[in-house]
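Sharing a structure below in structure tokens format, with a few things to ask.
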Amino acid sequence: MIEMKDVQKTYHNGVTALQGIDIKVEQGEFVYVVGPSGAGKSTFIRLMYREVKPTNGEVLINNHNVAKLKEKEIPMLRRGIGVVYQDFKLLPALTVYENVSFALEVIEDSPKKIRRKVMDVLDLVNLKNKARFKPAELSGGEQQRVAIARAIVNSPKVMIADEPTGNLDPDTSWEIMKIFEEVNARGTTVIMATHSKDIVDTLKKRVIAIEHGRVVRDEQRGDYGYES
Amino acid sequence: MIEMKDVQKTYHNGVTALQGIDIKVEQGEFVYVVGPSGAGKSTFIRLMYREVKPTNGEVLINNHNVAKLKEKEIPMLRRGIGVVYQDFKLLPALTVYENVSFALEVIEDSPKKIRRKVMDVLDLVNLKNKARFKPAELSGGEQQRVAIARAIVNSPKVMIADEPTGNLDPDTSWEIMKIFEEVNARGTTVIMATHSKDIVDTLKKRVIAIEHGRVVRDEQRGDYGYES
Amino acid sequence: MNREVTTVMKARTLKRHLREGSKNILRNGWMTFASVASVTTTLILVGVFLVIMLNLNEMSEKVEEDVQIRAFIDIAANQEDIDALEKEITKLSEISTIEYSSKEEELENLMSSLGADGEAMAMVNQDNPLNAAFIIKTADPMDTFDVAKKIKSFDHVSSVEYGNNVIQKLFTFNEYARYIGIGLIAALVLTAAFLISNTIKITIMARSEEIGIMKLVGATNGFIRWPFFIEGLLMGILGSIVPIILVIGGYYYLYENMKDRTFVPFFELIPFSPFVWQVSLILLGIGAFIGVWGSVMSVRKFLKV
Amino acid sequence: MNREVTTVMKARTLKRHLREGSKNILRNGWMTFASVASVTTTLILVGVFLVIMLNLNEMSEKVEEDVQIRAFIDIAANQEDIDALEKEITKLSEISTIEYSSKEEELENLMSSLGADGEAMAMVNQDNPLNAAFIIKTADPMDTFDVAKKIKSFDHVSSVEYGNNVIQKLFTFNEYARYIGIGLIAALVLTAAFLISNTIKITIMARSEEIGIMKLVGATNGFIRWPFFIEGLLMGILGSIVPIILVIGGYYYLYENMKDRTFVPFFELIPFSPFVWQVSLILLGIGAFIGVWGSVMSVRKFLKV
């Protein structure tokens, strides 16, 4: 389903963030991506929805080479992937509600459906009462939950989350993980970059460890693996 | 040294983020601020360097009422407080080096001293080799470390950190905590909002727990206290 | 998953774009205000200029229409010769009117135009030394010189005159002034276009990050562009309201105050209606067009994310 | 800790501001470019206008200077009367020159100004019906009417004339045109000022978050404002380069091409130097001033964080 063949990514400033990446993730898997700060986790994730293009090698989604997608096909790719960005990437001028509904307006859902889906998902992340607030009026953890809501609202086939619990307290983090597991149970592939040893070691899943831009470990039901 | 007397903060949108806050922090203390997402930790912290003004009550720094500072006195207050913002607040147009040196240029340090201090502190957070990069070219964790470097570069009397390890792996987090302890050992008051149960429970310090805008616990050598 | 996005828009999506476009006007309050203010200022300038230039043009055309050719007929010419000459002149395609003026009429004319000198000369009336003449007007005053030259070569024409020196100077002067005027208007409209779209470009630049986020969330270029299109249109229209009001009000005031005081003969304003409506329409058109053009062009740059 | 920040700046800090201000020009590449482009366009417009208006003004002044009063002397007046009249006229403070013109000179004058008609009248020379006259010029052409009226009331003045009808019309026309011109220039400069500062304001608005961050890190308002001041100054200067080059080059071309072709007598350009240098200086001044003013004013708004 998602496959990388000998992928290398060198940014325009000459930093090689990834190299020699060969990985395959099947539909419905749940994968943790772990590794130290600056290892290349976010870059690894960005390749999948083509925020960045690989410098070398191939990234295949459903056997389509992502790098070769035509300009017009990219929106379609991205609509199939829900992403929680490490820096949230909320639209500052829009309210919480509008931020989440944007993902549905893009696929031209009916206003009625949009309303129901958005309220449901805001309820799920416990932000129903902040629907009319702007991102700047939210706490860090609240913003992160809006980003999560937007990522799952249109029931994507793939869900990618970059450090989705970095600004959340442990209790809330577990609630979010419960949501991710439910989403995964419905058949969605979940790929999650995280620094949370607690989560990785408790909810055992496949673990891909990246260090200095290379995959150094790839275990089913692995653990976080770094000593604290 | 830092004192809040019956402080209440209601944002312009009507959300009361804090109320009835009575707290005193002595010079040289190390304080964790914990609590669930949206509890009011960041607001509590923002009051100290006057990013926000209290709606009611008094915030005293060295017995000066922060709310009553004249416009011209505010820069002086802020220069004495190093802050790691939850959302980093790096200047996007400046390089890593320039972002850190900015805090020293503001106090009109000599160029030589600036250079030495900045390189030292970048070395400390392990970013010497990224000194010429722009924030957008850094990973989340690297940006966070730049924010930390800027906060400590001018050896402030008080250091405030809002979730400073949220985007860091456990190893790096511990390195940062070591730095904080050193800073604290040199007499700097450290106030740190965090969600890291690991850190709070391991490096035992004073813990202030905030829930729904109220201080619900204030213990010396407390622990994180929330079940995970 | 890799299908292309269909390009046919659902009605509800168009509605969404209209709503978003209008909302953006409010959301980006300060920026919008600054953009609209730019449009307003520029269009006021264009409006004032248009009114002045069009009026000056009208006036100078009127002055020029007064320019007539006076072809003096040889004293030796008999009635037959005169008739033949008239026919010949009438054949010239540039001619609009031709009129015969006898010796006596000519003298009277000269005397009245001379004022004091003329009165003094009244005594020489009996000795009238002047010739009869044809007074000719051309359809296009610009042809005056050519026609005069042609007529001069005809038989029985002793000499040809067209206006006196000053009028002639004024004529050339007017011609230049008009070219300059047209040039200025064109330059002004182009500058306005550039300035407005430049302002809008900057406001959109400030939102380039937002556009990037929209693309990441799966929005097509068209989806992103539409609200900007609406926003640009609205900004252009909003920006042209004040200039239009000023032009209408100002011209009304001016016109009402000037129409009775024709202290200078050719200083007469173009009638209020439909002139102001036409100018208003031009301003609205420039505003709307440039608003749309400025924003759509600027968005394009950021769609290549 | 609560001392006020001292306001005396260290030399190295000024150096730092100069460096930062210049760097910002590059850092905000696109925005700067857009701002500078706005300044450039606006100043080109102002420059072209200035040159045209100043020239037209000069020309119309020249035309007016040609306006002279002709006071015809009573035929009955003897030499003594004439001398007395001359003294009386000379006493008027508005007068700049006075000249006597005999009957014969007057006739010659009339004949040459009449062209063909004049020749025809050569035969009536012996019967010269005209009066002798004083030809008077006023220091300020605007005084012509007043002076003429006064002279008319003097003894032995049979009648007074000042220019013929068309010149008189032109006169009034020029006066209006000049007011309009001055009004337009003023409006244009103000508009330019507004547009430029507006553009700069938007670019700074886009950086309001940065300004907020700087304040949080402990920067004083002055510290933040300085680089913006330098940046505004540089943008203003950069923006005036192209307009200045265009004005100098364009005027040089025009002047060189026009100076030999004086096909219209009063259509004569103001000499190249020092005129263009003055205009260039004005443009540079407007650019620099507005650049600084625009950015400093805009920053102010965001310093209240």
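A few notes on this one:
Note that the chains are named A, B, C and D in the order they appear, and that numbering of residues resets to 1 at the start of each chain.
Just so it is clear, a residue touches a chain if its C-beta (ideal position, glycine included) is under 8 Å from a C-beta of that chain, and two chains touch if they have at least 3 such contacts.
Just so it is clear, the structure is predicted and the values come from calculations on it, not from any experiment.
Chains that touch both chain A and chain C: there are none.
Of all chains, D has its CA centroid at the greatest distance from the CA centroid of chain A. With centres set at the average Cα position, the gap from chain B to chain C is 65 Å. With centres defined as mean CA coordinates, chain B is found 28 Å away from chain A. One finds 60 Å separating the Cα centroids of chain B and chain D. Chain contacts here close into one cycle, and each chain has exactly two touching partners.
Annotation, chain-chain contacts: A-B, A-C, B-D, C-D (touch as defined at the top). Within the complex, the chain D residues that touch chain C are 30-31, 34-35, 37-38, 41-42, 44-45, 48-49, 52, 72, 110, 113-117, 120-121, 123-124, 127, 129-131, 158-159, 161, 164, 166-167, 169-170, 172-173, 176, 180, 184, 187-188, 191, 194-195, 198-199, 201-203, 205-206, 263-267. Chain D makes touch with chain B in their complex at residues 1-5, 9-10, 12-13, 16, 24, 27-28, 210, 213-221, 223. Listing the residues of chain A that touch chain B in their complex gives 11, 13, 15, 34-38, 41-42, 86-87, 133, 137-142, 145, 162-163, 166-174, 195, 197-198, 224, 226-228. Remark: chain A residues 49, 51, 61-62, 64, 69-80, 83, 85, 89-94, 102-103, 105-108, 110-111, 150, 157 touch chain C in the complex.
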